Amino acid sequence: MKPKLAVLKFASCDGCQLSLLDVEDQLLDIAGAVDIAYFPEASREYVDGPYDLTLVEGSVTTGHDRDRLRSLREQSTTLVTIGACATAGGVQALRNYANVDDYVQIVYAHPEYISTLNRSTPISDHVKVDFELHGCPINKQQLVELISALLTGRKPNIPTYSVCVECKARGNVCVMVAHGTPCLGPVTQAGCSAICPAYDRGCYGCFGPAESPNTDSLEMWWKQLGVTDDEWIRVLRTFNTAAPAFAAASETTANREQP
Amino acid sequence: MSRTISVDYLARVEGEGAMYLEIEDDQVKDLQFRIFEPPRFFEAFMRGRHFTEAPDLTARICGICPIAYQMSAVAAMEDAIGVQVDGSLHELRRLIYCGEWIESHVLHVYLLHAPDFLGYESAIHMAADHKEVVERGLRMKKIGNDLVTLLGGREIHPINVRVGGFYRTPTRTELESLVPDLEWGYQAAVETARFVAGFEFPDFDRPYEFVSTDNGVRYPFMGDRIISSGGIDIPAREWNDVFEELHVERSNALHARIKERGAYHVGPMARYSLHFEKLPAELQALGHELGVGGECRNPYKSIIIRSIETALAYRIALDVIDAYERPVAPAIPTPAAAAEGHGVSEAPRGLLYHRYLIDAGGLITDAQITPPTSQNQLSIEEDLRAYIPGRTHLDDDTLQWQLEQAIRGYDPCISCATHFLDLTVKRT
Amino acid sequence: MPYIIDAAGLADLLAVLAENHRLIGPRAEDGVIRYAPITSIEDLPAGWTDEHGGGHYRLQPRSDQAYFGYVNGPDSAKTYLFPARAPMWTYTDGNFVAAPDKGAPTAIVGLRACDLAAIAIQDEVLLNGPYPDSHYAGQRSEFFVVAVNCTTYGATCFCTSMGTGPRAESGFDLGLTEVLSEDDHFFLVEVGTDAGRELLAALEPAEATSAQCSAGDDAVDATARGITKALDTTDITAFLASNLEHPRWSDVAGRCLACTNCTAVCPTCFCTTPVDTSSFDGTATRERIWDSCFSLEYSFMGGHPVRQSGAGRYRQWMTHKLGTWIEQFGTSGCVGCGRCITWCPVGIDITEEMAAMRAGAGVT
Amino acid sequence: MESVTHAVSPAMLPQAVPVADFQWELADTFTLYFFTDGEFEFEPGQMAMIALAGVGEVPISISSNPDERDHIALTIRAIGFVTKALSRLRPGDVVGLRGPYGTSWPLESAIDRDLVIVAGGIGLAPLRSVIYRALNSRGSFGNLVLLYGARDPTSLLYERELHDWRGRFDMEVEITVDRGGPEWMGDVGLVTHLVDRAQFNAEDAIALVCGPEIMMHFVGEALTRRGSRSENVYFTMERNMKCGIGLCGHCQLGPEFVCKDGPVFPLTRIGPLMGVKEL
């Protein structure tokens, strides 16, 4: 019996599940190795749970989604969150800093039609998560690695160290040292293979905090490069704004601002 | 006799939507195309962000068409601060857009829509009987992704687009490495168009008002004007004078319409019908050969138009690479200025409008984003309403599948629209 | 007695090397001096130098057209001899098959004395033990080195403390000293090996005059005098071994990002980790990639990392580099090239940390 | 290849060898057996690197009788990804093996002296081979003492051997468990207590210790208390180990590479290092 795979979403942009369709070279092999039981973005077929492997995209922003997630967890042997939304609340967690009623009013003419939670929260706030893939979006090769590792019983090779490791391995020139471009790579988890520095741009943190991120030290250095408090706060408050390490670092700076 | 057809969770569309249909005798009594995907409040949290962040932030509205968001955003910001990106930098923008059209169109044609016509639940199921077809699609799609990756750093939420240009521009040699694949892709797209034109289509022409971006000269990716088959011809900045967005109870997405006129249609069929004469002669000839001529009004046939546009995107990519000279600088300076800016561009699924107000410090004070699926929502509902009469003899399953197929013909992107599906048909 | 060639001679030398080698040399690229494939003398960074500081590097124009008037960039011989990723084996049909590890014959031009010392250290670690590293051996076997004596130095150089430079004493096939004055521009060429001698003979160079030789010596001596950064190596192994609980470790941990940049640019760091992959057809492969004592996974054992704190990880790096390395391999693990200082994103300076520890200072 | 042979090249290339036999020892511990070519030799205390293609490679001590030259055995506790995958192997399945590597128990230095072997939990595995060796030439040693501590009676390894050894008159076997249970008639408590009362001449005896680091630390103290000299006490250490031959850097403990300078170390060398947090 092939393991049963489910892929589904909560609040998100669909990009992370699209990654699975983006592995053009391996898609049919994967489809041969697992039984794609439920993947509405790609198939009308709906096979009931339980599922051996469930890939969850998106963050929880409504009470209904919270309930849906709980029953999904019950049906899943291994539940993996894919992407910054599912893992850290996503860009929509910026609402956590604002009054959602205000947001609803800005976007919708009839706020009374909209039901949402005040906060956008990661999956792990609600149910046990077996593995998390970082990234906004995830790296499709990491997704393939995760699936093949779980199928073979290997420890998924998803390192938690910083982007710098991949940056040097890729042969990039450090944009922070050599160009004076502020880079969030030293506190951001590897996984993207250091795309931004390869394009002469500083990392802006889409893979979320790395293991043991020293944001205080990096902040001091960014300031020396001319970055303002506001800019530092904004870069931490993007796709992984609700990831504890980034949230705490941005709050430290924000609180420091008010004398 | 009355019956209900209901699809709680529409498959093979991007995002979460539902359809509910109540039919009495030969008439539709109630119809709801409902978008329940939870809202993500982009317009709200864009406030207070720096204008240069807009391309990266708005890309996250949609993982299928991030380039479209980035392009409309940079267009709006550049409009606001009064700079113009032209020459090779503009050509590179067209090139990366080619990549997105190819990727998105091929995804839709092969993985989302073709299974409907061939009677499969999914492309994976379809691959069991039509392995070569699916493999061709995957290879075509990959070329689109490769193009976006080379220019943008990665296929989803590329990192290399910025207000003013790019962070790093490719060398000619890097671009030339793609040429053989693009040449193969063009031929494959032409074959795809011929292949899908052989499908069976319901007889169903609709009196749409087509709307698209216009730049006066070329088949549009980008442009500064908006035109329609109903005579609209306005600069992008007059958007709010002509169009409006309504909020209806059943949907987390806003519905756009032409003021005092109602539904309109954006997307490949609109672009094709409004700009047919701008297609290269061989693609015009292909359109005639495949019986869609200079205008297509049958939503089921959008798959043919998408295939022709895919060929077009390969063609344009080859032309851009052929003429490419690496720009002197990867971007032009972008000094902040307090102003309002409007930007339109053609996402694979249709016109995407952005408007921003920014202050002197460069911070966004107001944002408005109207994605194609919001604009097509009314049109989709009207299609469904129009499709039922004369077809109530069909059993529920067939009817449901055909209605779903009609919706899928729009390649709706619900993730975009919520900032948008579940199908229920009730027959009484 | 060294020989002498002019720029045309250098161009010929490169042309001869390029005939049967992959030719690697310095080029100004992406805002740094890289060791990258070159095709001719045209690719050399004539007129460029580089400015170094803690966490700071800038390519700067020179007032002259010196070809080797830079110090060093992030690359070293390690980039080619011990690359970030190397294949180990493939498993197919029930057998482990060794990955090919023979490198292309390579000639590298421009390496400095510290870089040669670093190669000697990696040779000791990777080749001279009971189990030589086959991939390294494969890259090392046909590796022709054209070294350059330093006639310029950077603010992060401290080779003089580590006894490795600025003059290249050994470890090269040919050694160049670039002499450039108002009216003269030539290269002294020293022969280090028979292979070097053979190659040079094709150019039929003249022998240098003693005046020319002393012009070269003067330039290198001036470099040695100019280097002020220093690291006190007195009894360093014992000193470090007896200061494992020094408060300075947590002080530096407050600044250290544990980002691994220092270990990646260090020309002697050799830690790796294997990466296993399996494909859906049942074959599997193993590669090895650079690892670093700064990553948590590195010391993972029985459910958690041994070195949890930044202090523990920084201490492992520095005590190994400067102290225990000597016990293990008979040489320091540091050649004083200064790369870890320049390329540390927050400018942590191993010489400053060492000095602070010697001074007993816990807090800066 | 059907059996384990000596050294291959390159050094990090495993030999493909089929599992000859698989035995569960405890609920989470099993022994894998492999045929050898008869030439293959190892010294008690040495380890092998065992690889599963596509899964990983881990160091495991060779636990079989070094003087039985037709096979080797590895006793493994399934605690993580690789060891769990190994626990799913069955005879005939192919693994990769390299080795033997590392230092061995200094049995020659125990000649004509008492030999004390102290094991905690799975730590008995690396010691079993040395017990076999000592028994093979029993006459060369003075008292032979095995002190073995385990979590509870169900986690006592090698019950058959323990039973045989206990039955011998030329060997003292003392066993203790942390938690007894109604059926358990033996000692309850830490293995250090056994050190205090076992029969050996502390001043001169050679002690070989293997177990969790904290257990070894306390056994070292207990031995010292009884008068053992630290140069006569040997520990076997564990550290993250990727290559097993001193090339990958992971297993360093101060100046020592646990893989090649160890895993067996004299307490004099390793003691000072063990006390340093996070070393």
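Should a chain be cited, it is by its letter among A, B, C and D, assigned in written order, with residues numbered from 1 in that chain.
Just so it is clear, contacts are C-beta pairs under 8 Å (C-beta built on N, C-alpha and C of every residue); 3 or more make two chains touch, one makes a residue touch a chain.
All of these numbers come straight from a predicted model, not from anything done at the bench.
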- Please name the chain that ends up farthest from chain C once chain centres are defined by their CA atoms averaged. B
- Between C-D and A-B, more contacting C-beta pairs sit at A-B
- Which integer distance in Å separates the CA centroid of chain C from that of chain D? 41
- Determine the centre-to-centre distance between chain B and chain D, using the mean Cα coordinates as centres, and give it in whole Å. 65
- Note on the structure: dist(centroid_CA(chain B), centroid_CA(chain C)) in Å evaluates to 51
- Task: Could you tell me the distance, in whole angstrom, between the mean C-alpha positions of chain A and chain B?
- Result: 25
- Query: Counting only residues that touch at least 2 other chains, which ones in chain C make the list?
  - Reply: 276-278, 284
- Sequence positions of chain A contacting 2 or more other chains: 152, 154, 200
- Two or more other chains are touched by the chain D residues 54-56, 80
- Message: Could you list, by residue number, the parts of chain A that touch chain B in their complex?
- Response: 9-19, 21-22, 24-25, 27-28, 31, 36, 39-46, 61-62, 65, 90-92, 94-95, 98, 100, 102-104, 106-110, 113-114, 116, 120, 136-137, 139, 192, 195-196, 198-201, 204, 206, 231, 234, 238-239
- Query: What residues of chain D sit close enough to touch chain C in their complex?
  - Reply: 9-16, 51, 53-57, 79-80, 94, 96, 238-240, 242-243, 245-250, 252, 254-255, 257, 260, 276-279
- Please name which positions on chain C make contact with chain D in the complex. 88-89, 91, 94-96, 98, 101, 125-126, 129-135, 241, 244-245, 270-274, 276-278, 284, 286, 288, 291, 293, 298-303, 306-309, 311-312, 315-316, 319-320, 323-324, 327-328
- Item | chain A partner contacts - residues on chain C that touch it in the complex | 30-32, 34, 55-59, 74, 79, 84-85, 254-261, 264-265, 275-281, 284, 289-290, 292, 294-297, 310, 342-347
- Message: Touching residues of chain A toward chain D in the complex: what are they?
- Response: 152-155
